[in-house]
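Let me begin by presenting the structure, written as structure tokens, before commenting on it.
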Amino acid sequence: MQKIKYGLIGTSGRMGKEVKSLMEEYGNTLVFSYDIDGEWKSGEPQVIIDFSSPDAFDKSIDYALKLNVPLVNGTTALNNEQINKLKNISKNIPVVQSFNFSLGIQMLLKCTEILKEKLPDWDIEISETHHRFKKDKPSGTALMIKNVIEKEINISSLRLGNVAGEHTVYFGGLGEVLLVKHTALSRRAFAEGAVKAAYFLLDKSNGFYTIKDVLFNS
Amino acid sequence: MQKIKYGLIGTSGRMGKEVKSLMEEYGNTLVFSYDIDGEWKSGEPQVIIDFSSPDAFDKSIDYALKLNVPLVNGTTALNNEQINKLKNISKNIPVVQSFNFSLGIQMLLKCTEILKEKLPDWDIEISETHHRFKKDKPSGTALMIKNVIEKEINISSLRLGNVAGEHTVYFGGLGEVLLVKHTALSRRAFAEGAVKAAYFLLDKSNGFYTIKDVLFNS
Amino acid sequence: MQKIKYGLIGTSGRMGKEVKSLMEEYGNTLVFSYDIDGEWKSGEPQVIIDFSSPDAFDKSIDYALKLNVPLVNGTTALNNEQINKLKNISKNIPVVQSFNFSLGIQMLLKCTEILKEKLPDWDIEISETHHRFKKDKPSGTALMIKNVIEKEINISSLRLGNVAGEHTVYFGGLGEVLLVKHTALSRRAFAEGAVKAAYFLLDKSNGFYTIKDVLFNS
Amino acid sequence: MQKIKYGLIGTSGRMGKEVKSLMEEYGNTLVFSYDIDGEWKSGEPQVIIDFSSPDAFDKSIDYALKLNVPLVNGTTALNNEQINKLKNISKNIPVVQSFNFSLGIQMLLKCTEILKEKLPDWDIEISETHHRFKKDKPSGTALMIKNVIEKEINISSLRLGNVAGEHTVYFGGLGEVLLVKHTALSRRAFAEGAVKAAYFLLDKSNGFYTIKDVLFNS
């Protein structure tokens, strides 16, 4: 794999650390970073990855435009206005934005899409398990799955110890059951998707891309 | 295993057929039966098994008392009055009564009892899956599990195709998860427990026994 | 759904009974049957389904050609010569042949195909569980899955009580796991696929079709 | 819970860090530590926990004897001679030693013990899944489970991505399946067991205890 120079916004956050560690493992070089502690620069990045908070959002856009490089944005809880701003600047630079960079979840959604189409008479159930500290019920990802199925279906939510995150979609016919289950082991799942997105953008023309484009059109 | 002569009430029902088939497999001989079609007798039974409906209840008791043999009663939906009647006649003959003769479910309850005692700080969740035709939610067995745990816990109920019955109890600590899961493959599970109960009663003194006694005190 | 008249070869076999029962449920009429007990005919079938043994193979072909109707063949253990014969007669009538008519297994294979392509660096494991009476290890279906993956991968085979059949394909990345699991509850799974194939053939031109065509091109 | 002062051998190791972090969370105070970097002491510990390497073994024993406090030893790969040494010094101080401090695994072993006794005719299978970097096959814990069952049974080993550790014991009868599954989410599982052992020892007389004593006799 090609070695690259990259910039990182939100370096000291939990996802920032995870991305940095993975990029090092791949032999890539951090040449620019911005964080709560300020800015640091030792070269020209080929791409910028942002896993900071919505507060640093404008700063992140300014840097990508000024340096004129592709931007991967994985910040959670962006509002519609911010999403639109990203779409606007994607006329000038290539942008990937997603709330969930896990490749596995994207593949689970893909399988779900096929199964609900080919097994129209089967019952469907969704089940998700997360740690006891998670406040929302059901999880945002479970709602994404439901959205793909486009039917009024039941979601079971279990809250259990320190489970990082499990999502299962069940399809039940009268003689058989088929299920697809995703288990997140750690934040590394999300870092891998973001890094894949960064590589994806390197040779792309300007435009607004999603994690689906990264997976299915590359 | 000892070969026995037995009587069966409710021979043509779904559970009756299952018990008969299993008893044949074990080399035992049906010498007495009572059913919607009437009575049939070719010898003296050593034990009577009843998997009929609450309607045939009195008949079943009369036979057991008249023949003076142990009685296994697995009829669903007995009311309290009928249960009390069974307890009364158990002064004269040994009786086993249970709403769920599956050995596996009893063992799941046993494990649950131990785990809830030894892992008091762990989160607990119950999940059950049954066919789409099942009307009650949650299942009676899930409520039996909850009853063992003696805490206000969440039960997730999935209704899916033609699933015979699955019950899972999850225990979640901050670094690990332990779960016990039971899957019913067919009615044979219940027939095996009833047959085991029949053998159990052969040398017992009068009294009212449960499936727990069959498993844990034999 | 359209009501049809159909013929059945192997009526008294376990799969034959299952197909007949399902066809009745759908309101279809058996007008022709052939079995170890001989031939029976009360009308002109629109399609013939064969779940007999390889011995009855020639008879089945003769009937389909003579009556000039589509043929669904689900006989296990056909040899290459017999498969070729089916391909030959498919110049004159439409034919569907498969060793596994479960829709769920076909969908599991479809998902596996997509996942192995989109997750090339992830580890893959196959696990299958069947009843203690099953002699072959690993199962034929597990080998079909391995064949789709086109890599040298490990298959774990568990032999357990009376389990009808479970197949799981695991994909493991460094931060997440995705798995697809199929559970056969009963032979009904296979009957449903065969009936679907029969309907599929009703308006097809001559040719040799697979269960994949039934699912993905209809 | 009582607040205590404790000592830690192997402070900078991965398990050492985990124990320290958990002890802090419980409000306990580290007053003595020994490591590759040397010794540090600010008070008198009430108990010593050792998660170092076999090399530091003698040092750990010397400290516990000199300070005359209970010792929890969770060092992996101790040899028989070292185990015997621990048994010897347990005449002078209370000692807990175990190769696996996970409470969940101990409970899985306990359930397995009960199930194999009460379900003697059922088939048993063990399955374990670990990360691709694990070299031994099957896992030591799977062998511990097999040891409890005392029969020649099959162990399936899956190596998959970055899975921390899963162990499942299946019991299969002719109509049902019962399984017990343990999933390690992180090293915290092991730290919790060690801390529980430390508290257990506080009021114990001299002697050699196992993690089972901690769980079942306290």
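So that you can tell them apart, the chains are marked A, B, C and D in the order they are listed, and the count of residues begins at 1 in each.
Operating definition for what follows: contacts are C-beta pairs under 8 Å (C-beta built on N, C-alpha and C of every residue); 3 or more make two chains touch, one makes a residue touch a chain.
Note that the coordinates shown come from a computational prediction; the quantities given were computed from them, not determined experimentally.
The most distant chain from subunit B is A, comparing centres defined as mean Cα coordinates. Chain pair with the larger contact count among B-D and B-C is B-D, by C-beta pairs in contact. Subunit B and subunit C, compared by their mean Cα positions, are separated by 37 Å.
If each chain is reduced to the centroid of its CA atoms, subunit B and subunit D end up 39 Å from each other. The residues of subunit C that reach two or more other chains are 161-163, 173-177, 185-186, 188, listed in rising order.
Residue ranges of subunit D in contact with subunit C, taken from their complex: 122-123, 125, 127, 129, 132, 154, 156-163, 170, 172-177. Per the touch definition, subunit D reaches subunit B in the complex via residues 102-105, 107-108, 110-111, 114-115, 118-119, 171, 173-192, 215-216.
Looking at the complex, you find that subunit D touches subunit A at residues 161-164, 185-186, 188.
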